[in-house]
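What follows is a single structure, written as structure tokens, with notes after it.
Naming follows writing order (A, B, C, D, E, F, G and H), and every chain is counted from residue 1.
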Amino acid sequence: MADLLVGVVVGSDSDLPVIQGACEMLEQLGIAYEVVIASAHRTPEKAAEYARSAAERGLLAIIAAAGGAAHLPGVLAAYTHLPVIGVPVQTGALNGVDALYSIVQMPAGVPVAAVAINGAKNAALLAARIISIADPSVREKLIQYKMELASGVEAKAARLAQLGVAGYLAAQK
Amino acid sequence: MADLLVGVVVGSDSDLPVIQGACEMLEQLGIAYEVVIASAHRTPEKAAEYARSAAERGLLAIIAAAGGAAHLPGVLAAYTHLPVIGVPVQTGALNGVDALYSIVQMPAGVPVAAVAINGAKNAALLAARIISIADPSVREKLIQYKMELASGVEAKAARLAQLGVAGYLAAQK
Amino acid sequence: MADLLVGVVVGSDSDLPVIQGACEMLEQLGIAYEVVIASAHRTPEKAAEYARSAAERGLLAIIAAAGGAAHLPGVLAAYTHLPVIGVPVQTGALNGVDALYSIVQMPAGVPVAAVAINGAKNAALLAARIISIADPSVREKLIQYKMELASGVEAKAARLAQLGVAGYLAAQK
Amino acid sequence: MADLLVGVVVGSDSDLPVIQGACEMLEQLGIAYEVVIASAHRTPEKAAEYARSAAERGLLAIIAAAGGAAHLPGVLAAYTHLPVIGVPVQTGALNGVDALYSIVQMPAGVPVAAVAINGAKNAALLAARIISIADPSVREKLIQYKMELASGVEAKAARLAQLGVAGYLAAQK
Amino acid sequence: MADLLVGVVVGSDSDLPVIQGACEMLEQLGIAYEVVIASAHRTPEKAAEYARSAAERGLLAIIAAAGGAAHLPGVLAAYTHLPVIGVPVQTGALNGVDALYSIVQMPAGVPVAAVAINGAKNAALLAARIISIADPSVREKLIQYKMELASGVEAKAARLAQLGVAGYLAAQK
Amino acid sequence: MADLLVGVVVGSDSDLPVIQGACEMLEQLGIAYEVVIASAHRTPEKAAEYARSAAERGLLAIIAAAGGAAHLPGVLAAYTHLPVIGVPVQTGALNGVDALYSIVQMPAGVPVAAVAINGAKNAALLAARIISIADPSVREKLIQYKMELASGVEAKAARLAQLGVAGYLAAQK
Amino acid sequence: MADLLVGVVVGSDSDLPVIQGACEMLEQLGIAYEVVIASAHRTPEKAAEYARSAAERGLLAIIAAAGGAAHLPGVLAAYTHLPVIGVPVQTGALNGVDALYSIVQMPAGVPVAAVAINGAKNAALLAARIISIADPSVREKLIQYKMELASGVEAKAARLAQLGVAGYLAAQK
Amino acid sequence: MADLLVGVVVGSDSDLPVIQGACEMLEQLGIAYEVVIASAHRTPEKAAEYARSAAERGLLAIIAAAGGAAHLPGVLAAYTHLPVIGVPVQTGALNGVDALYSIVQMPAGVPVAAVAINGAKNAALLAARIISIADPSVREKLIQYKMELASGVEAKAARLAQLGVAGYLAAQK
């Protein structure tokens, strides 16, 4: 069985639907991961302990998703030297801008790698790019994934050339 | 000597000039306080310990100032049941909006009381309003302060009535 | 019967659904409260009188919710020395950002404690943290509430460990 | 001596420099005015009383300038049926956006007429447009002012046609 | 039949639903008005002509609603000396913030009175406040309207005192 | 058959519904166009090649629609000297503001012509205005289109004059 | 002497310094232009007339710079079928965001091509790209300009490779 | 001599002062790097080639700084499977918010790791965290750096405890 390489952390089970995109991508790339709930505010000691022990447990990267004040990625980054990827979650009146600012504007000394609001899939791909520098099998999968991305676009382009815009859209319904 | 009632926390010494307004206001109201540096990201265990022990050390409220990602007030609030007042600091490219969002948009369960960006003086006054519900001497000082606020406005209004706008402004130079 | 400790004020009955979260939380914590409608713009004298008499009526804190220009919390704070907690309501084209700015950016001298947009539950918890410095029974309830928050997260975490993300989400439907 | 027609209100003497543009414009249009300091938060009763008595004192319009939470125009509008013109003042970290939102987003029932951030001159011109519907002499002055505006632009256009951009800018230094 | 006093202008029939709130309010206050469609961009000469002739046709104020770039109120104000009230319409991706900025940030010399995004009702009330300085019957209606506003709040407050929050909300359904 | 004059490029088939407005407008103006899918990030070489060869293939303008980071218009502009028109697409948490900023804030040296968020119809009209400087038949169609725009407004204005606001809106349902 | 091809319009002489970047670029590309002052609000008839007659005077494109409400580009576009390029000027409290929104969010039917805030140089380059579709000499100059842009970057890159970051920056002082 | 591990790319020499913070941090951590100028818009082929060959040249991570439209990090990420870290540069009217949005809001499939506006130091630390998963010597240096961060805070805290706020600030001057 593959070693556990990525820890995916959410502060609340309401963020699980967002994080699913990361889980599916990690599976597609063959990267073993775990998903845990640990809140920076409601279970701060557990969150701290998770980050503190992550490296010695063999994790290579942490993905943390959070909305609103979104302190979770920064709090985890404070307790580990692993790369921490933060996913701002679109929630509440500010639509995720609050989470984006809170995740990306970390003070000098303790970095968090921010991806797009609700960008869980890219968080997984960024984790894969990171792991690929140490793991050739992940690198191969990433290179293959990039080719599939391109060929997916090409296939759609060909279909559009054949059907035209109206035909293409009609066929989607 | 008066009991220590308010803990003023900054994550970096660069926030000390902002917090001075709180210190002066607390002194004017006769409320004993301490100022400490404890970073949510660089010394997270120290920050946690400060909040965890604050109530038993007799503190009644905590004021925390932070800029950028500004996790400090929320992290402190996670480790104490005391009221925590957050002062967003105007710094960097986002001018304090990042800090405001990060401080005010706390998730349900763990409140922080946000004041204006750079609003350290009002943080002190809010702490005083809080303490006043338990301490009649602070209540008296607050009531007196409110009267002085009003009479200060009245004095300026009278001066303006006498000098006119141009005269008033000329006399300020 | 418990003494009335918290006044919850809305400027319009359209804000009542938002404020319900505060009412439920106050009840859970055993804090007696009242809810009143008093508009800063349509019944300004009533709002002023409510705040002016709040302390002598025994209230220890005021929670005021408002959307749009959201002057209510600041207007109440102008007429009392009690701590006033402002809840920005998410309404209209600006989604509550207008209310947040209007509530949190109070001028020096008259503080309002802002919580998150629609953060009525946290307004109640902040009121409880304030009252707890004068009332040991509220302090006990708050400490217990914090433990329940943590154990609620732990229960979900255990359930997630058992079911996995897909299973957890499927079971929610 | 001309009847007093416009009341110009600021909540703080720090707003006097902004309001000067309104005073000069009112003088140029021959509209008698007074300037008073009355704070919505520090002297709320005085502000209320000013608005309440404004109509019977013969005022036809009120101009109120405020920064930050900027409750003053709305509070005045709550106590009078006169048209109230609000000038958001550019101050603090939010640069006047807070004041703009707080002034313009008034709830249905109590209108305030917002002008641009720091737009005191236009506040005076708006007051003049209002008064002009009842006062033919002000109407004449406004029409003349509009012609002067146009001829001022024409003079600059002619000068630019003569000097070219570089010459025009060089001559300004 | 009453003289026509207010011109209500929209640039597109898609803005008619928003402007209905102004029409109803003007009718309630007994102020005669007309509604016209004239676009600043698609029929600029018509819009210019409407504003140019408004005063001599006896109008006392113009209300103009517009979304997006929202040039209509400013364009009208350029061609008349009457007070022009601008209503930013909430439409498109920017939710009316574009319209608000475009309406309120007019350059010095040509004022527009901005009300809240979608604030058509207040535009009518502002027009009424303006007209009231020349028309005692409108002043009487406005004073009465203000009293009704207050008594409406009082009635709801009394109902809330009787039913409680839960009961009040249940009765609304 | 007419020469191909405009290339319409989208980075993803999810942007096709937005771009339909451009296609319909181009057809109405008799301007031949093609629609292609080429992603700045997933098929960057194809996008580069498309722009590099556009001029020699006879295209006179390129319209590119993109959401989120929205690099496509700028990347195309880097590889061609043709005018490139960028359409920010309203998608995701930031509602198209991200795409607008990314498209409009191009560095000095490489311009992109930005239109409104989701403004595909205007992108087509802008392309037509551009082509009209070289093609009298397009100029004629544009002049005719402008007259139709005006007469469309006039027809609605006449209908409104006849039906009134309530009648007009009722007839739309 | 070269035919006049581009009209550069500003509403106020305070925008002349911004527009200088456009003038210099147009000169470098050998495109004849004129600069005029015509205000959408203070001289609306002149602005309308300028746009109305631009095509018959032989102009191929109009560049208009404006700050604040920034109605000028849209007003010009309403009176001509030529391509109009709008330059939002950074001025006042909103730093040009108001001007950007007002220029770019034009309603369907009347396009304006927006460039970056203060992006006058790119406005000139966009005008050149437009004119290049009808004028081979401008096309040649644009292609040459693009090559110079690239070689300018290459020269800096070579210098950096030689001096290192510290040396490069030191040599700049 | 140490292998080259990190490529630092700027699109313009005006971004070199910002990127210096990254260079100094990389040096402090003993990570060999190079700095190159390659513009996504002015030398797009060079930028593409740099990214395309980066992995085979042995680089493990790319740091790219850009302001305004800030397409550089995304363009580089399109041509490589290495982790790309984007540094939004604070420049121009939008103060870096444009660059932040353009860097962080990348579409699914091609991730960029965004750090704070002007956060070059954290970009270097994030690169170090990434490299540390493959290089134990970097891991050791990172762990040591984290300890130094903490002890730096402790030293300041001790100094503050000794001098008080006023004394501390006075000593800084």
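Convention: a residue touches a chain if its C-beta (ideal position, glycine included) is under 8 Å from a C-beta of that chain, and two chains touch if they have at least 3 such contacts.
Quick caveat: nothing in here was measured; it's all calculated off a predicted structure.
Enquirer: Just tell me the minimum hop count from subunit D to subunit F, counting one hop per pair of touching chains.
Expert: Graph distance in the chain contact network comes out at 2.
Enquirer: Using the contact definition stated above, find the chains touching both subunit B and subunit D.
Expert: C
Enquirer: Could you pull out the chain whose C-alpha mean position is farthest off from that of subunit D?
Expert: Between subunit D and every other chain, the largest centroid distance is to A.
Enquirer: Indicate whether more than half of the residue numbers at the subunit E-subunit F interface occur in both copies; give same if so and different if not.
Expert: Counting which numbers both chains contribute, under half are shared, so the two copies meet through different residues.
Enquirer: What is the distance, in whole Å, between the centres of subunit F and subunit H, each centre taken as the mean of its C-alpha atoms?
Expert: So the centre of subunit F lies 36 Å away from the centre of subunit H.
Enquirer: Can you check how far apart subunit C and subunit E are, centre to centre, with Cα atoms defining each centre and the answer in Å?
Expert: Whole-Å distance between the two chain centres: 34.
Enquirer: Quick one: report the Å distance separating subunit B from subunit C, using the average Cα coordinate of each chain.
Expert: Distance between chain centres: 20 Å.
Enquirer: By residue number and range, which residues of subunit D touch two or more other chains?
Expert: 12, 39, 42, 68-69, 92, 94-95, 97, 104-106, 109-110, 116-117, 149
Enquirer: Can you identify all of the chain pairs that touch?
Expert: Applying the touch rule to all chain pairs gives A-B, A-C, A-F, A-H, B-C, B-D, B-H, C-D, C-E, D-E, D-G, E-F, E-G, F-G, F-H, G-H.
Enquirer: Which stretch or stretches of subunit F touch subunit G in the complex?
Expert: That would be residues 21, 60-61, 81-85, 100, 104-106, 108-117, 119, 121-123, 125-126, 129-134, 139, 142-143, 146, 149 of subunit F.
Enquirer: Okay, in this complex, where on subunit G does subunit D touch?
Expert: Touching subunit D from subunit G are residues 12-13, 16-17, 19-20, 23, 35-39, 42-43, 46, 68-69, 92-95.
Enquirer: Quick one: in the complex, what on subunit D touches subunit C?
Expert: Residues 11-12, 39-42, 44-45, 48, 67-71, 74-75, 77-79, 92, 94, 97-98, 101-107, 109-110 of subunit D touch subunit C in their complex.
Enquirer: If we count contacts the way the header does, which residues on subunit H are in touch with subunit B in the complex?
Expert: So the residues of subunit H touching subunit B come out as 90, 95-97, 116-118, 149-150, 152-154, 156-157, 160-161, 164-166, 168-169.
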